[in-house]
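Look for chain A in each of the two complexes below; its partner is chain B in the first and chain C in the second.
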Partner chain A sequence: MTVHNLYLFDRNGVCLHYSEWHRKKQAGIPKEEEFKLMYGMLFSIRSFVSKMSPLDMKDGFLAFQTSRYKLHYYETPTGIKVVMNTDLGVGPIRDVLHHIYSALYVELVVKNPLCPLGQTVQSELFRSRLDSYVRSLSFFSARAG
Partner chain B sequence: MAIFSVYVVNKAGGLIYQHDSYAPRAEAEKTFSYPLDLLLKLHDERVLVAFGQRDGIRVGHAVLAINGTDVNGKYTADGKEVLEYLGNPANYPVSIRFGRPRLTSNEKLMLASMFHSLFAIGSQLSPEQGSSGIEMLETDTFKLHCFQTLTGIKFVVLADPRQAGIDSLLRKIYEIYSDFALKNPFYSLEMPIRCELFDQNLKLALEVAEKAGTFGPGS
Partner chain C sequence: MADEALFLLLHNEMVAGVYKSAEQGEVENGRCITKLENMGFRVGQGLIERFTKDTARFKDELDIMKFICKDFWTTVFKKQIDNLRTNHQGIYVLQDNKFRLLTQMSAGKQYLEHASKYLAFTCGLIRGGLSNLGIKSIVTAEVSSMPACKFQVMIQKL
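Showing the complex of A and B:
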């Protein structure tokens, strides 16, 4: 089991943070373009899912998987989106994504007066805490990335 | 019953077959007196609730029927505009049924081609080499399973999250497609499937699959 990468978007589609661990293939386009493509895909999936759903939804879109990876999605009521790509063996990780939002993003970025909201997070503390939290996860593989 | 619907999408992203096997009822009927304490608005040729969620009537629900007769989009059965009809105090008290708007065939076509592109983007953004597109998409109310054949046809099944055995159902649908659509001399490739035998066998396969994976809400 392994974690490939993590995206953090705000409600306007700005990529607040990106980090990767075991990523074997790049998308082949500049990072900025990749963020836009990822946000656009999630935006469309959200609207697709809300139209397709036979019942009224509460949490909405949770995850999708292909033959090689699984994308986990968590959205807060304020529109912050946490996206984590892992391999297929990982089950539901809503609590992990919620922890990244509530214990890391809110505590270290929102409550930090030196971090302007709505642009890429520059805080070194946030980066290192996030990195060590993800590395401590039970499904993070021990292999060196 | 826990398989909601089946879509078949051709390699260009066009919807060539669609079947709704089970649509759960999420409707609420209520009698109102004038003035109406809900805010309604017109959206996509439908009258939707914009504000005033209560008693099972949710924001985004559409007006489905007035006094027991189904409405036709934004018009009542006798051709008057719904909003105008509900704005007239003489028509009250009135009983209105609200529910999730049902998909029109146009919307189904649009959603099918939308999924076609999401499928492609899903494989482009893969962090691993050689990934397929979206095979399973999970939400809290349903799971979407997709199987793409080597020739590019996509079979999409929407089912309850607890329904098991969808993978074998998708293979079975592919088999039915090969047997009853492709082998039908009157069927032309990539075109909408209108074959009676295909219909019959698909329905049969859905019934069998529902019984085999028995975790549905109805069982």
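Showing the complex of A and C:
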């Protein structure tokens, strides 16, 4: 059980942060393109899910999975999107993604006057705290795969 | 103090605001830091009146410094000063190992050059508090590694 990578987007599609832990295959396109692709996909899936849902929508899009990995999605009312790719053995991790938003992003980026909102996060503190938090998760194992 | 986040965000905006409004002409750091320090001075004067409303008179200078380190710091920043040193000749060094206004910024050397802007207000706070307790002083701050910082108080003998 492991975490592959993590993306953080703001409401305008700017990729605020990206880290990877175990990624065996790259996308084959430059990082900028990859972020745009990811954001575009999320935007489309969200509106698709809300239109085509046969019942009243509660939380909306939560996750999708393939035969090799699972993509978890969490969006805040302010439009910040946390996306985490893990392997298949991991269940719902909404609270983990919420913690990443509230205890890491809000505390260390929003409250940091030297981190302008709407741009990629430069703070070393945020990067290192996020890294140690993810590594401490129960479903993260140091062995790749 | 009602909510920490409120003061923190307001303080951050204050620093940004002072620097933005100083863009035309006053580029030197000094002016803005002085403005922030004077703001802190006035706030400190008012705060100390409120906090010492019911306390007994202070025995001596050291007692006043201890009050600043314990009660004053706790009420404003919800923690005490970690270390107080003096040479008994009017110089005191207050050390805070986890200064509340800097913890979110970095843990080490990143953003070090901007740290002094965020300490100016607090220097004024200390100076204002001391001034209303009858002590004239000069307060400076230094940061070598965030979020620890040292405030140096030099008492002026009249």
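The rule is short, and it goes like this: the second predicted complex is superposed on the first by the 143 of 145 C-alpha atoms of A that agree within 3 Å, B and C clash if a C-alpha of one lies under 4 Å from a C-alpha of the other, contacts with A are read in each partner's own complex, and residues count from 1 in each chain.
The rule we apply is simple: a residue touches a chain if its C-beta (ideal position, glycine included) is under 8 Å from a C-beta of that chain, and two chains touch if they have at least 3 such contacts.
The model shown is predicted, which means the values in this text are computed figures rather than measured ones.
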Assess the superposed three-chain arrangement around chain A: do chain B and chain C clash, or do they fit?
fit
Looking at A:33 after the superposition, I want to know if it touches chain B, chain C, both of them or none. Which is it: first, second, both, neither?
neither
Now for A:124: first (chain B), second (chain C), both, or neither, which partner does it touch?
second
Let me test your reading of the model: by the given contact rule, A:57 touches which partner, first (chain B), second (chain C), both or neither?
first
For chain A, which side has the bigger count of touched residues, chain B or chain C?
B
In the overlaid three-chain picture, which partner chain does A:41 touch, first (chain B) or second (chain C), both, or neither?
first
Mind working out whether A:114 is in touch with chain B, chain C, both or neither, as first, second, both or neither?
second
If you stack the two complexes on chain A, which partner ends up touching A:85: first (chain B), second (chain C), both, or neither?
first
For the superposed model, what is the least distance in angstrom between any CA atom of chain B and any CA atom of chain C?
31
Do any residues of chain A touch both chain B and chain C, and if so, which are they?
none
What part of chain C is in contact with chain A in the complex they form?
5, 8-9, 12-13, 15-16, 104-108, 110-111, 114, 118
Could you pull out which chain A residues touch chain B in their complex?
4-5, 20, 22-25, 27, 34, 37-38, 40-41, 44-45, 48-49, 51-69, 71, 85, 87
Mind listing the chain A positions that touch chain C in their complex?
107-108, 111-114, 123-125, 128
The chain B residues in contact with chain A across the complex are 4-5, 23-24, 26, 58, 60, 100, 103, 107, 111, 114-115, 117-118, 121-142, 144, 158
